[in-house]
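Below: a set of structures, written as structure tokens.
Here subunit A shows up in two complexes: once beside subunit B, once beside subunit C.
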Partner chain A sequence: MSHRSGDGVGGTEEKRLVRPSGRFSTRAKQSLSAFAHSKSGLIGVAIIIIFGMMALFAPVIDSNNPITGTNLAAPYAVPAWATIFPQYSHYPPNLQELTDSTFSSPGALSAWSFKEGPGFSYGWQAFPVTGQRALSYIIANKGEGSLSVNFTGTTASTFNLSQTFSYTKYDPPNRFAFSTFVYPSIAKNVTYTVTAYLKTPAGNVYTVGVAQSSPLYSGTWNQIYGDSLSNLLSYNTVASLQGLSKTVFDEHGNYTLTLSIAVSPTEKGTDLRLHVGDMSFFIFGSAYGVLGTDNQGRDIWSQFVHGARVSFLVGILAALVTVAVGVVVGLAAATYGGLVDQLLMRVTDIFLVLPGIPLLIVLISVLDRTPIFANNPGDYIWLVIFVIAILSWPTVARIINSQVLSLKERPYVEAARALGAKKSYIMYRHILPNVLGLIYANLALTVPTAILTEAALDFLGFGSGLITSWGTITSYASQNCAASAAYSYCWWWFAPPGVAIMLLSLSFILLGNTLESIFNPKLRRR
Partner chain B sequence: MALIHYVIKRLIYALVVLIIIASIDFLIFQFIPEFVLGLNPATLLLGQFANRIHQAGALEKVLISIENTYGLNQPWDIRYVKYIENMFTFNFGISLDLSTGTAVSLVIGRALPNTVALVGSATIVAALVGIALGVVAAAKRGKASDIAIVDTGLLFFSMPSFWLGLILLVFFGAYLKIFCVSQSICTVDRVGLAYLHGYIMALILPVISLTLITLGTYLLIMRSNLIDVFTEDYINIARAKGVPERTILFKHAFRNAVLPVVSVVGLSLGFILGGAVITETVFSWPGLGLTIISAVDGSDYPVEQAIFFIIALMVVVGNLITDLLYAALDPRIRY
Partner chain C sequence: MTEADYSAEDNLIEVRDLVKYYPLKTGFSASILGSKDFVHAVDGVSFIIKKGEIFALAGESGCGKTTTGRCILMLVKPTSGDIIYGGRNIAKLPDSEVRKLRTKLQIVFQDPYESVNPRFTIYEIVSEGLFINGLVSTDEEAMERVRTALSSVQLTPPEQFMFRYPHELSGGQRQRVSVARALVLNPDFVVADEPVSMLDVSIRAEVLNIMKDLVDKLGISFIFITHDLAVSKHIADRIAIMYLGKFAELASAEELVANPLHPYTQALMAAIPVPDPRAEKIKVLVKGEVPSAARIPSGCRFHPRCLYATEICVSQVPEFRMVSQDHWVACHYAGQVGIATQK
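Up next, the complex of A and B:
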């Protein structure tokens, strides 16, 4: 790529023989204008900026918590935009099927139909002051009122409250859940059962939530809950809905949800007052968000955005350390020559031979036991940065060393030496400014190595361990979905992290190559 | 005579590098646990092992083995010498993974052929294809096909190897079902040719994955070498003489340009073997990489340190061979 970039910069081979004239700022300007002419360099910088912004503003542009934000939609939901493809076009989004189900105002009651047996009366009431909404859950609405149901009869009786919704536009969902909150404020001489059931267009009836009077605590809000994915969340639900989602919603048409309160008086002087609030029948979307959801219904887009942070942090810090060590070693060896050079470069050669990934793995497996990392697993990232740097500096040291050795033979350096300049002065004043460009280029070219290594370590489970890193996201995707034809192998989960790593690495390579060709005119012949 | 001197010099150098690598192993597995982490390597080893011992007498066996292998009660200098000696005689002790206590050399003996098959075929294919594509790119320098080849090479170079492997596995293995997704599944209950067939069907995808990752390096180096050679005077003279471009490319330029690729293949062995660790994990290919990963998961230190040493040994030997090959092939090299 380098051959096609960076035309029109001053500084041919002959000019380089004398010490590049002009002040530093003019040279910087020349380099900048050369850069502006390089198409691939600019593309690289543009991609880096896009991902950099993503990393910087991750907490702002993530729509949900990437780690704790579970159950945002059905597990393995495709991205919302994927519904433009025919096979996903009928995937349901997140749907709240009931209207006015929070009973937020007296008018809400008109959305419901009621069938009250003898002894029942009902009406709207503001939330009782003493009641607390004990549980807050994603599907619980936040209305400021309740339906109040009173019973003072003498014989067993039933109160039904129902609403009909139509489910015709979409495929059956992967998951649905019913929830309501019940607050028994008075329950005297009575037993009762609250049952929620769903009637399908074909007339099949499924219980979606049941609670009996004995486990319902009076004086507090009790949640009655049924979930087609798991029944674990409710302590008083006997609904056996697991896996029923596809069957229940396979019949397109009008579904009726009914909340039925069956009471039987035990003694004379029966008095029951139940408040019903925050009712919800929620279809968890099979199409959700920018990049769909993972196996726990978490937002992959939010994880992806935070992944940019991990890659940038590791890539740039590891590259800085790598280049710093490499430059010091390379410069020192070239400056002092002789035994120092021999020694340093032999060490460099040995480090070059070391197989990087296996060494990283064994090193991390042992350092893993250090107490500092036991307390805060997030600190692993510093270990990873450190270890990557240890293994990557030899390449940089070699490049810098050979460049400095060739610069040392230039006439202007010889002239300085003849004038009696000290080694350190020549190094600082004459040689360092001329390898600066190469240092920048190497900085850019080391970043992809670090990013790729970190991602690989995270994939193997030896990296930062952060859930939001691109390597970990890929690892989870492969563990949960690699063989799952039913969920199209989760391409929305697999593809983004890999593509992002590739793009970011590639753009740093483009940037590095462009810098290299600007500062090293010899390369431009190619 | 001179060549023999060179060979001896390189052999001694390789030996020194190996001793240093064994010392790094010692540093990581004996020195760091004891001095940095304050753990006695014996307790470190036994602590992990004690939980897994179900067989009577196994603990005794392990204790004796650890004592014999590492000489833990000896002073540091003796321990160090013993450790290096153990490494060079492949006396790695016994694996802590199984309560039966399999010898580590046996574990490695099982995994090594698989890794050699994977890395060997991937390296050969990558070198051949990389050289061929590099020649095409250099011949068509600046044209669309050159740009396409170079960009594709860069793209694969910047692709995460585990991700590429997964995509290949899911697409060709799980979706299209052309290749086997796991060696153990494909070779189970098979003997002879059927076994070989299953083995190769499972090998193809990991080889493709590893090849694509390493291909880019060879391609780019071959291309830039050729372009460099094209600027040499003798090429200009050949052109001036009217030698056809094709003849110049293959008779005059190719040989000079291809030699450095040989040494790059040697130098990148460490990178390839690192890539093999990841590729083996993705494809569940039972080689050294998969073994070292499961050893780390189970804190099986003897296996970890042995595999690290063996991988480094492979790199050093590979480098030695390419260096000697280079010296034998390139008459310009003076020893």
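Up next, the complex of A and C:
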């Protein structure tokens, strides 16, 4: 060794001698630097990384549940940022109109005006019984305190609790809801009702909250509730077609909300003690979040972010299975040749000419009934991956097969045979390194096929409805947007998943093409 | 039909009635039913390679000379025939046994650009056979032998070449790497398959002289496959002329050049360019083109192109016979037609 170090060619060159690893690292370095010089490859990787991070951190990015998180805003809300456009500029966001509505301290009562009939008394009281926060706009009592109302009169009487708010900046909302809870602790010798009203600037009065049970139960929280899209429709008659919410908030000005408790004594010795919990008058935003809402008021951004997970999972796993099967079949056929080759390749041809989507639909519909998938809908995604792989492997098998067949005839392979190399050695040392690049490229190029197929299946309704994928989003969008000219055809609903499917597919194609050109120098200058 | 005169101890390899047919149809049905049509690539050739000789196989493209070379090395399995080497018929040996003989029987390919793996360094290319056959166990041993082999093909200093990649070398240098890859295994016998046909004329002589030196120094036998009679004349001890899978003529290089007996050999000789503008040129002595090896003409397979063909040439296959000392020819009219009589 020592005599060589002096002749000026030792040093770095000897490091290349470390047999497989040394050579691999030089090649990997060359490939990487070639990749760094490919603009389209870098763009592809950048897009993949962006969507990949989105998929990876989906629960962190958006904590809303994409499936069950309904009523986050009004249905068909546009994205919040869309209010920069003139036609959306006066769309209301989510608004909680009442102030000091939780009665958290005695001072909170000053935000309200009271009109008590004979026999009524009221005051602030710390009330230890708390209710549950069910949804953002329904709160029984947070526990800080409550308004305590007592009646000991002898004649029918009414207690009104009011607050006035102004609604001047925004267009009429698509939906509003009122909610409060009352807790009757004692109700002796009385009948009573609790109802909420809203008075518009023009003086029209609408019922906005009614007791959900009648009579109210003592010793528990009773909800007084009204939703402009459901129960209030039967308490208010609206002439206009634009819906209750739009009719009520058609005017700009001061609106007054009144919670009215009407009591009639039945016998002498009346005693009614009740607590009013947290009050809420919620205007559902017509502009919400990053990507607005769907027809059920669900956050489309959270569906979009979670959809990236499905597309990545299906895309990458299906591509892996596809390429694995394709490489095994292609390699085996080329290696063994003869009858094995003919049989494998004819089977490949048969799969190649099968019509893709119809076959997938049939397969999914049939396999769907098997116990594995029928009992656990979460496993449905594995079924989708499986059937996509079944359909896509023949292309890969053909490509790998023809490449190996061509490599097998290269003179240097014959030279290796002449040196006494076994088939396995030739496969490993001479053929596999030369198809490896092709395998990588095919892996990248199969991903978009899988993503598109999965999206197509979901769009057609054969995917798993339980999983919010980009395909499912477009499917729901197309079902619900068709008649929604009133909601600008909800572009914020179907466009993002469509663009994302396209971008992610494109990015993998860019990556695949770059890999292909790196590993196949003949394509390098195109 | 064997060259019985050669004493057995001089013989390195004896080829008897070597036949290689390729099926014409390779498809799904052919793989099940078998093919009926064959390309007669090599159709019964017999010869002996002596120790330390250069045996040239010359002929037009498609005459079967390359197939013959590959059959001898068992790179292509012959359809029938015997190849005797070291007292054993290697044509009948199983693959695993043949593999053990690989170090002794080597090949140099035609295309210096394709016959080395572009991903390997020169060191890896040359040492590959050593590692495959377990002749060395460490890189140090391998380097020593690779260095010697590279020096012997005048790639000096070897250190300057060992760690380069093939694409950094010229065609001639690559072809010498190819020769070194064969030599490093200390073979008895090397098939050189048109080793200089892809090289510039200017570097052909260099490579040829290296090969000739190696024969002289190491006593290796060569089969030198070529379509260039001028080259074979320069390098070979004996020359065999092949036509459509059979030998047309076989003689020592001097004898064949001085006294070509087969009309085909005469035509090939006449086609060699003479570096003298005033030299009298003999006109083209063949007509037409080589027939397909799938449809071999009846009788003498050269008859459709032969200017002297008669009835007997169409109907009877000429015997490959010895007409003078070690001069074999397959022609009914050997010595009676062509240049020999015109002189």
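Convention: the second predicted complex is superposed on the first by the 468 of 526 C-alpha atoms of A that agree within 3 Å, B and C clash if a C-alpha of one lies under 4 Å from a C-alpha of the other, contacts with A are read in each partner's own complex, and residues count from 1 in each chain.
The rule we apply is simple: a residue touches a chain if its C-beta (ideal position, glycine included) is under 8 Å from a C-beta of that chain, and two chains touch if they have at least 3 such contacts.
Remember, it's a predicted structure, so these values are computed and weren't measured experimentally.
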Which of the two partners, first being subunit B and second being subunit C, lies in contact with A:489: first, second, both, or neither?
first
Next on the checklist: Let me test your reading of the model: by the given contact rule, A:420 touches which partner, first (subunit B), second (subunit C), both or neither?
Outcome noted: second
Discussion item. Touch test for A:167: subunit B only (first), subunit C only (second), both, or neither?
Written reply: neither
Worksheet item: Touching A:366 in the superposition: subunit B (first), subunit C (second), both, neither?
Response: first
Comparing subunit B and subunit C in the superposed model, the one touching more of subunit A is B
Discussion item. With both complexes overlaid on chain A, does A:434 touch subunit B (first), subunit C (second), both or neither?
Written reply: second
* Considering only the touch criterion stated at the top, classify A:176 as touching first (subunit B), second (subunit C), both, or neither. => neither
First (subunit B), second (subunit C), both or neither touched by A:76:
neither
Subunit A contact set shared between subunit B and subunit C covers 1, 4
Contacts from subunit A onto subunit C in the complex sit at residues 1, 4, 7, 9-10, 13-14, 16-17, 19, 23, 27, 338-339, 341-342, 346, 410-412, 414-422, 425, 430, 433-434
Seen from subunit C, its contact residues with subunit A in the complex are 27-28, 31-32, 73, 75, 99-100, 102-103, 105-107, 109-111, 114-117, 119, 121, 123-124, 128-129, 132-133, 139-140, 143, 157, 159-160, 162-163, 178, 181, 185
As the complex stands, subunit A meets subunit B at residues 1, 3-4, 350, 352-359, 361-363, 365-367, 369-370, 448, 452, 455-456, 459-462, 471, 474-475, 477-478, 482-483, 485, 489, 494, 497-498, 501-502, 505-506, 509, 525-526
Subunit A partner, complex, touching residues on subunit B are 17, 20-21, 24, 28-29, 32-33, 36-37, 39, 44, 141-142, 147, 150-151, 154-155, 157-164, 166-167, 169-170, 174-175, 181, 224, 227-228, 231, 267, 269-271, 273-275, 277-278, 281-282, 289, 292-293, 296-297, 299, 304-305, 307-308, 311-312, 315-316, 319
